[in-house]
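Each structure below is given as structure tokens.
Common to both upcoming complexes is chain A, partnered first by chain B, then by chain C.
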Partner chain A sequence: MEPLLEVRDLKINFYTYRGVVKALEGVRFSIGQGESVGLVGETGCGKSVTARAIMGFVEPPGKIESGEILLEKDDLLKYSERDMRKIRGRKISFIFQEPKKALDPTATVGNQLMEAATVARGMDRAAAQALALETLEQVGLGDAQRVMQSYSFELSGGMAQRVMIAMGMVGGSRLMIADEPTSALDVSIQAQILRLLGEIRSKQNSSLLLITHDLGVAAENCDRIIVMYAGRIVESGPVREIFREPAHPYTVKLLNALPAPGKTRLEAIPGMVPDLVDPPAGCRFSNRCDRASEACSKLPPLAQIGPDHAVACIHPMRVPAKAET
Partner chain B sequence: MTGRTRTLAVIATRLVNAVIVLLVLSLIIFAFMRAIPGDPVLNLLGEEETTQAQYDALRIQLGLDQPFYVQYWNWFSRVLQGDFGQSLQTNEPVLPVIWEKLKATIELAIFAVILGTIIGVTAGTISAVKRDSIFDSAAMLVSLMGISMPVFWMGILLIIVFSVGLDILPVSGMISFSTIITPVTGFPLLDAVLTGNWAGVKDLLSHLVLPAITLGLTPAALIARTTRASMLEVINEDYVKAGLARGLTFNQTLWRHVMRNAMIPVVTVIGLEIGVYLGGSIVTETVFSWPGLGRYMIDAIYANDYPVVQGAVLIYASIVVLVSLIVDLTYSALDPRVKI
Partner chain C sequence: MTEKARKQTESPAQDADPLIDVRGLGMSFPVRNSASLPWETPPVVRAVNNVSMAIRANEIFGLAGESGCGKSTVARLVMGLIDPTEGEIRFRSRPIQDYSASEIRPRVQMVFQDPYTSLNPRRTIGRIVGDPLIIHTGMNASQRRERVMQVLNRVGLADYHYDRYPHEFSGGQRQRIAIARALILDPEFLVLDEPTSALDVSVQAVILNMILELQAEMQLGCLFITHDLNLMRFLAHRTGVMYLGQMVEVGPTQDLFDDPLHPYTRALIDATPQPDPDRVNAQVPLEGEIPSNINRPTGCAFASRCPVRIDGTCERVEPELKPVGSRLVACHLHHPAEAST
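Presenting the complex of A and B:
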């Protein structure tokens, strides 16, 4: 599959008073056209930073040290702010964790939906209005006229998130990045929103990068899962393989922490996420891992263990089929 | 209730409140004037060569021999009919004189408010956008000075620099002797513009610059700091990121989404500053010999001219009450969550 987006060896540091936070190191993955990829990990593992980097939203004290973010083979990191503007909304759209905070409280939904078409893309008002109304109906907001005139405080969380999804569609983007799009919503609404994201993706053959801390959510909505830990990718592969044959001890522990029928106790992972100002040398999970050995103080490369399955571990649960390809 | 009737109901409630405020205030100022040292009768007659009989006669003529509540009722019942009484000093009716003087004060205050708001909002916005730049540090330092400096001292300093030192602006007053303005509305600057008297406009503006800066600078400093803080808060909101994410430039986001939200607390400050403007105008008018209501009232206080002071205070208070009502109405225009 020809990748739509390819992230290569992305390294991001944050220069804080406490020291340099090594937030992201050597992150590489790709998203194919029409593919849905879940970026999974706990808080602070770097999944949101990755998403923001793709949008060009890394601001001081954060700094992209090295790497490439290729969108259809063009490196976005070489783009000026001016050029990025043509990418945002038109090629990549972004869905926020808290939809009601992502809407200007003093502007109507219509105002913001339409400006995505008029101000950002130079469409005329009448066409923009027609497009906005049509899109709102597509995301399941029946009373589109009324929604257009509403303010964010008049919408429910679910409605607001539908509006944000519509916002991404108005721009005609082919890649949707959704940063914990359902974490702030009621459980009953979460499934609806995720289903909507899936429907739109298959209808428009667009791609989705779903960022979530919830392996279950990623499993139900993604083709592939990338597991991150402390600023690095530890494992990536098709959902089925990740669940059936997890290779990284961290992935295994994450899966064990998932609730399941018949399970009376959820397993917690002992220890704490390492301080990224001074992370452990080599594998960053080694201090919490019961398979860890001396060898883990050397950085394990992300090695292929299946056609589309890779793991960064010296002692994986599955033996690599071949050396790195 | 529809939005319109609700708005009217709110305005009506506020007006009733305003009347109560003004009533209490009139009572306080009426009592205070009589409590401060000085005797208007003696002021008129002079301490020498006045007999007790003359003194008593004038006192009775002015009604100052009556008990306090009778005096208050006599004054207040006339005020309700629009008669603020006569000046004890000049015997002129108070209200027409106040109105004439108020025009000069309004001209000064409007320019000061405009100047203060433009300087404050602009400096605050640039400071926020160029956070931690040299401009930001300098603007915040100057604004700290602006807040800390007393108005009268600021005025005198400006006079020393621009009028005495550089000699490019007049020292005081509102207009040069040689300038004649044909009255139309009674507001000199407005009249000069209406009659196309551009030499007059220039003369009036040259007199207006220093007092307007003096009066506008303290509020400008506070407005700048509020604007900066408010902008910095709004710039970090998700909806600003969302604006960028749908393809707006930073400047488009700034104008379309940051400004309006950031202005909500600033409007509060501008509203609160109205009292500061009026208080400052009294000092400014004294420093610059501006022929406004403030100076008129100060002179009247020295002369124990009760009806003038009472009338002036009542007018000042009415302006504050009215302007804060307008500020509250502005909220609902800025922020759809505020429905009044």
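Presenting the complex of A and C:
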């Protein structure tokens, strides 16, 4: 199957007064048509930067040093800012963590949605209004007429996130990038929004790149998982294999650190995430890994260990599936 | 330490009593907005409504609920930072308002959610952790320094951290400092308000392990507030679930998770994502959103979103928190007799 989006060897640096922060180093992955991919990792691992790079949101002091971002074989990194505007909203939509900050506070929801429809699809106002109303109903905002006339401050967090999703749908994009779409919401609202994203995806056969720090959210909503650590992909594979048979020691430790019923102690990961100004040579997890050896001072390549399952580790582990309760 | 001696002098009979006993607690805040006129009575937010709970020594009591349910207000009330408008809080069988600040502070302490704002950026760690000793003990400088070092080492920090400032520490280390500050006077009761929600999973694991160790070692009574039910299930001995200022279910954590009685508890558990790709979550998520606390619905606060609402009863009659087995539940489904009255 042709991937919808392919990221190849993406390298991003941030030039700060402290030195060059090597935020991303050689990230490569692809997203297929209709696929839901979860990008997981802890703070500072580069998951948001990856998403922002796809949208063309990397600004100084950040710089994309090398790599390709291919959307249906077109390299987005070669696009001008003007051309990128034609991509955003039409081909790729972005769902922000804090929808109330991402929406325009001075325009009604209706005007923002209609603007998206007229600009992206060249519709006239009447058609745009009809589409906006219909989309709001599709995202579960029953009182669409009233929501159209509301400003973002009049909406709750959950409603605002539904509006964001509607904006993405109005432009007709095939790929939704959601950066922690539910981290600011309560669990019952989170469940509603995640369910909505899943429904839209299956209805429109669109793809989703879901960025989250919550492994539970990733496990329940993604087909494939990419685990990042300190600016690199350490493991990627089908969701079941990642959670049942993780191969990278970091993935294993991350899963063991989660509070779960039946555990009396959580497994802590010793040490801290390395400073990306001066990361350890070779494997960036080696200074916290109990399986590390001399060989880990060389960069481990992302090697296939199964169909569609790759791991960047010289000493990968295959831990048998843990008993779940 | 004198604190240790104090614990021993407390008679066993008193120890059987709960450490913190909250009865019929209510807290209302007036909300004045720009639209209200000076002669009008401002509308009132009932942040906490008729909450009762008891927390024993050497017990972690977890308080769960979504934002706006009043859990943090309960924490502030229990700390004595604000005075309740209704009900009372007893600490060791004596109303908490009867204690002077110098009596209560060494015995009840708190760890705040955000370690980036709860530490004074202009003071050294030694000062931050050691100040309570100046206020509450007669220790001289070298005794204080020794005690601070001892507590810092206990929470996994080194001696050389003594003269550093908060900005030099990571989030996890700052939370260690906040815990050291809370524990320096050897308290009996600790309020932890979302202490790990600003931290990454791997750091959270370290902090949680430490809290568990310290709690067992010092026989602390803890009020642990979190919105993360997985966390609650992992560490709380007993759990209370709040909705719109009210306690809807209280009981031993295991019972509550194995067989939630209140429909809201059940919905919250179902809505909490699990790191298990095979979990079949057939439950339809709760519809709607939490109603406003200003215009509280009559009857059961949860009735508008409840999937198993009894029409004609739930919207009219407010359910009381009553015992069902090992638990207390406020739901008409479990007290049908009362519902018919």
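Going forward, the second predicted complex is superposed on the first by the 314 of 325 C-alpha atoms of A that agree within 3 Å, B and C clash if a C-alpha of one lies under 4 Å from a C-alpha of the other, contacts with A are read in each partner's own complex, and residues count from 1 in each chain.
The working rule: a contact is a pair of C-beta atoms (placed from the backbone, for glycine too) under 8 Å apart; a residue touches a chain by one contact, two chains touch by 3 or more.
What you see is a predicted model; the values in this text were computed from it and never measured.
Enquirer: Which partner reaches more residues of chain A, chain B or chain C?
Expert: Touched residues of chain A are more numerous for C.
Enquirer: In the overlaid three-chain picture, which partner chain does A:Ser93 touch, first (chain B) or second (chain C), both, or neither?
Expert: Only chain B; A:Ser93 stays clear of chain C.
Enquirer: Looking at the overlay, what does A:Glu42 touch: chain B (first), chain C (second), both, or neither?
Expert: second
Enquirer: Show me the chain A residues, by the header's touch rule, that chain B contacts in one structure and chain C contacts in the other.
Expert: none
Enquirer: In the complex formed with chain A, which residues of chain B make contact?
Expert: 237-239, 241-250, 252, 256-257, 260-261, 334-337
Enquirer: Show me the residue ranges of chain C that touch chain A in the complex, using the header's touch definition.
Expert: 66-67, 170, 200-202, 204-206, 208-209, 212, 227-231, 233-235, 257, 267-268, 270-279, 281, 285-287, 289-290
Enquirer: How about chain A: which of its residues touch chain B in the complex?
Expert: Of all residues in chain A, those touching chain B are 55, 57, 81-82, 85-86, 88-90, 93-94, 96, 98, 101-107, 112, 115-116, 119-121, 151, 153, 164, 167-168, 170-171.
Enquirer: Would you mind writing out the residues of chain A in touch with chain C in their complex?
Expert: 42-43, 156, 158-159, 186-192, 194-195, 213-221, 239-240, 243-244, 253-255, 257-261, 263, 265-269, 272, 324
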